[in-house]
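Next up: some structures, all given as structure tokens.
The same chain A turns up in both complexes below, where it pairs with chain B and then with chain C.
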Partner chain A sequence: MSLLKPFSKLPGLNSANILLVENEEQFQQSLADVLVEETSVAVNVRLAKSLPLPMENDESRPRIDLVVFIINLTSELSFQSAETSLKYLDPGYFLGKVCFMVTNARNASVPTEHLDAVRKLAASLHCPLLFAEDQTPDGVTSATERLLTVLKVAASLVPTTTALYLSNLTRCTLPPDIDQPSFD
Partner chain B sequence: MAATINLSDSERSSPNDQSVSSRSSNRSLRVAEKERRKNEAEDPFVLALKYFTDVEAGTPVYGNDDFERNLVLVEKVAYSKGLSPEAISVMLEFAMSLRMGSSPCVRVLKCLIPATVVPQEAVVRAVVWLGVGKIPISTQVLFIKWVLTVFDMIDTKDQLRAVYGFIFSYVTEENLCPFICHLLYLLTRKESVRVFRVRKLLELQSKLGRQPFLLHLLSLYKVFCPELVTLSIPSRMRSGFRNHISPWKSALIAVQKRNGLQVASSMSLAFTIKDKTNSRKRKHCHLEVPALRSVVNKEAQTEKCSSRKVVPLVQLHSFAQLLENMHHIELPAQMGSLLGSSLALQYLDCVQDESALLRLNFWLGYALHEEFLFCGDGGAIQNSEDALQFLNKLLSAHHFLQEGFSSSEAFLYKFLNVWDGSLLRPQILGLLSNIPVVPSSQIGRLLFEPLTQLFFTSSLFFKCGLVECLNNMLLKWLTWHSVYALEDDLDISLNSHTSINMTLSGFKDSVMELVNFVGQLASVGLQIEGCQSLLLSFVLDFYETVCDTFLKYGLPLVVMPPSGVFYPALFALDPVSVDRLAYIMHRYKVNLTSAKAQEKLTKQAFHISRQTFHEFNHYVVDMVSCLWNSKMFQPGMGVQLGEELLLKSKVPQYWTSFDLIHHPAFMSYAVDFHQKCWPGKKDMDLSSIKHSKPWSWYLEYLFTQGYDGLKQFVQSNISRQLTASDGQGDTQQR
Partner chain C sequence: MAEVRPGSQLSEAAQSELLDLCEDQFAQLEKLQNEIILCEPDSCETPQDQSVNRLMATEAELKQWLTVEPKLIAQNSEILLHAGKEEMLKLCSELEMVVSCYEAKRDKLRETKELEHKWLEEKKDMLIATSEHVNRIQMEKENLSEHSMLQDTKAKIQKMKVYQERLMESLGEILEKHVPPPQNESSTSKKKRNNALEINKDLVLLNEILEVLMNKVLNTPHDPYVTIDDTFWPPYVEMLLRYGIAVRHQENNFKIRLETFF
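Now for the complex of A and B:
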């Protein structure tokens, strides 16, 4: 079992490396297409179906600054795969270098338990939970923008803040029960 | 098929008082038939209808080719064009009378797709058959579902209301109950609420448990007659009546699509099928705000149908008319239609009766939930024009009423938790800025947590948008306060329609929470974005609202900006930000002074803490010594640097580097002024402006450039002693 480590390699100059993990391998591709268009920094996108990453090109792989788990709520497998993949990450990643991105959260066929489970997972790991509209071009663009915001901080390209600081502000909180707010 | 159109045309042109029963519709059928015979050859569809009109009771179904052929014909027409009102009458009568037993009944009911409207008489007769015949329960349920589906296509509802009691009696039937409750919900008026009905419903509730359909009906009853329903009803119920996946849905859509053009051009009796009942699962349909249309169509009927005179909203055309008829207005069948009419909104605004708002909220909550939170296909269509228009209409209704609906508030709390931050952003932020005051105990959980997560992961433009939205929210809260606050006791009811009452201190807590929250967002946001001047500008907008809470809105609350906002603004690179900060500090001073004066005068117990005064004084001293006295980096200031570090930087006279001459925002003005003042001088010595005379000219020069905020700040905080040598000002502290 090989752990992916956040600080085992030196960072590249003015570049940021992002790893998109998605079991279905659908949304990650469209995200990657938009991500690489970023001009202010050199963004390297790595795609994976699940972790651990294969050993063979371990040497050539750059330091990964941000790991994004894409979870499609309509599929149970998607969540399970992300959950098992988490074990192959060094604890150092959880200091602001992991985030979850959820698609299909507004879908009628999704039982609420799925979303709750993802929320619990993200909250227990103190990671941010982003929602994305994967079916419209606008949704993909905005999801990319948000990932870039987090990525730049995680890759230490924003001098005024750090990944840990940002994740402290953006980390997911436990699901509020808002069906019946008691207004007394 | 031309014959069907002929048929319905001839029907419509004939007088209104006909077709009370199938007999008269038979007559009209015969009339139509004669007309048609003159023109063309026999039409099989008319013959088929005639067959179903005349077929005798007890005719066998099995092996009956005539029946089979005719029914197939009717089905074909129904699924392709929809049935005319007369055809509906004939077929419904045939089915419900069980003339050929109960087996064809279901089949006929399933093909009852109206092309235009459903005659009320037919529905009433069918309801009567419900009591007479031995219709199986499942078929009865199917019939009621059909009525719910086509409810808004029923031409008038007065007679249905007249048999309210009769319909109510089916409530005891366990399988029918949910559907009957829904139907009753749509039919209920104030007169229908009676003690014995309430008792019956309560009895049912104790038997069946707290079923949502019973609760909804009871909540409507409670709105009409609160004295009769003592039951406490949860303020927010989970959802309304169950979705019934109706068998008519797809066929109805298809028929409507096909007839779409025809109907629009002929301007026939309103084609308002965008009802909650039949479009539960359908896309787009919620999003169209239905046209305003009355329950009772004809004026003549209005007069006789009930003991009290009612005027449908659709007949009113001016505000004067609305005022005259204020107390006997008939609400439209579809509450959603209110959103589209400004008169209807006027009515909503003035009327005290809560039922209108309750029904509107019910409809709205459902529509929003179905379309944006609970989408059939993952929400791909959400960006469509329809969603945009719907939300815009809702927003303009909000603006018109100057308050939000509670259902849109509840929707937002859920939506924020799954929002990607860009979907329909302007509309969502617009709705968000309209939400009424949230109790301080809830505000963090409902609003701040999701918003913080969105704010820090989103782009600069989202950050600006959110700060602007929160500024609007604060403005609305403060305006509500100044309008609804009662002077004698400190209780205020914040929203005329919802019954949330808040004490003044509760309100202050909420406002304080909101201001502090924006303060935190702004401090950290500015830090992360490198004090971006666009974001700073939105933040200063917010503090322009905050600094005037006491004088403009009469709220005895003054909250100073955090230093994460104050210093970035003070050291901003653009003079506008510094000027606006000066204006804000000036307004703080005016507010604090008058608050203190009033405190002395009335000796009332409101109290602005010493801490606030302390912070204010601290900021003013810093600002004056930095901009005016050239005493930057003195011990005790908010921004401090070590002496050694400053010496190491080798900036000459570093203490002057943020005065009005050397401040990066004003340096260009100083240079410009220097050139104008001493045109011949080759070497520029900006410090020479510091001398008494040029200093006052320089100030005049700055003020003529439009820096009024700076002017007011200087006038209110600095007493200039022009006699003193170097124009050194003196801060005035309190």
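Now for the complex of A and C:
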């Protein structure tokens, strides 16, 4: 078992590296296609089904600036996979270099417990929770824009702000009555 | 770290200064990197540990920000100009986005305001109408005394009486005009009629038959039937029955009642 560490390697010049972790491997590809079109910085996108990452290309892998867990709310497995993958991240990553992205949250067949579980997870790790629409090109574009904003900060490309500072402002918080039964 | 990219239009001196700066920064970065790797990895498995870790990191960062002194990114004015220009342009485009966002918001608020205004007008109209209604009722209530109520009822009764009188009068007129008393009839078939008339000298008028029927209905509604006697001229009875003014008793042929018109 090898931990993925945020500061084990030197950063590349004017580049940002993002790791998309998704069990279903559906949304990450379309996200990656739009992410690499960014011109102001060189964005490297790494895709993974789950963590830990394989050892063989550990040397050639750049420093990962931001880890994104994509969770499909319609699949229980997606959440479980992300939960187990979290163990292979260095605690240093949770200081602003991890974020969760939820898809299919608007699907009516999704029980509210799934979303609540993801929110609890994100809140306990002090990570931001983003919602994305994966069916339409517009949704993919806007999700990409939001990821890029976080990524640039996480890769220290934005002066006068840091990943920790941003995540303190954007981290997911739980409403106090999340465990109360809702009446609607 | 070095956020200014040297453009082609920079002079030689500026270029070299920038490169020097970059090299300095990179050397510092490498030094820090080595320190990090040499550091003992702090183990924090539980969420509580992580929260403490986070708090410490945030506090350290805050301290760093407080102690840091603002300083020029480079000495060369050319670089500063370039960096400033770039920063300004970026800021401008961001501010433009903010402006358009706020304009959209303002338009939406304006729309809402208009809608609310319309709503308010409607409510005001409603209030005016309602208060008018209330005033009218209040006035009526004030003017209303026992005496006037009595007066009112009396007038109504009077009106009804006049109306009934008129109805009676017109009924009488119609009967007088179209239904002459039985005695005056039978001029054409005198012989036959004479016979009948002789039998019954005291035949009553149709008016009287109707009166009897009406009184009977009103006085004893449970038993509205009137027994036909000799004073009822048979053609009259026949007429009343035929035109649906009177109805015969189902079991007793000699009894009739007024048709229930009401």
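In this text, the second predicted complex is superposed on the first by the 174 of 184 C-alpha atoms of A that agree within 3 Å, B and C clash if a C-alpha of one lies under 4 Å from a C-alpha of the other, contacts with A are read in each partner's own complex, and residues count from 1 in each chain.
Here is the rule we use: contacts are C-beta pairs under 8 Å (C-beta built on N, C-alpha and C of every residue); 3 or more make two chains touch, one makes a residue touch a chain.
This one's a predicted model, so the numbers in the text were calculated from it and none came from an experiment.
On the superposed chain A, the two partners chain B and chain C do not both fit; they clash.
Of the two partner chains placed around the shared chain by superposition, chain B is the only one that A:C172 touches, whereas chain C remains out of contact. Of the two partner chains, neither chain B nor chain C is touched by A:A123. Of the two partners chain B and chain C, it is B that touches the larger number of chain A residues.
Once chain A of one complex is fitted onto chain A of the other, the partner contacts of A:F94 are limited to chain C, with no touch recorded for chain B. When the two structures are aligned on the shared chain, A:V150 is found in touch with chain B, with no touch to chain C. Using the contact criterion defined above for the overlaid structures, shared-chain residue A:E133 touches chain B, although it does not reach chain C. The contact surfaces that chain B and chain C form on chain A in the two complexes do not overlap at any residue. Touching chain A in their complex are the following residues of chain B: 234-236, 238, 372-380, 382-383, 410, 413-414, 417-423, 439, 442, 445-446, 449, 452-453, 456-459, 500, 524, 527-528, 530. Across the complex, chain A is touched by residues 1, 3, 5, 29-30, 33, 36-37, 41-42, 44, 47, 49-51, 53-54, 57-58, 61 of chain C. Listing the residues of chain A that touch chain B in their complex gives 74, 104-108, 115, 128-133, 135-136, 138-139, 141-143, 145-146, 149-150, 153, 158, 160-161, 166, 169-173, 175-176, 178-181, 183. Residue ranges on chain A touching chain C, taken from their complex, read 7-11, 14, 90-91, 94-95, 124-126, 156-157, 159, 162, 164-165, 168.
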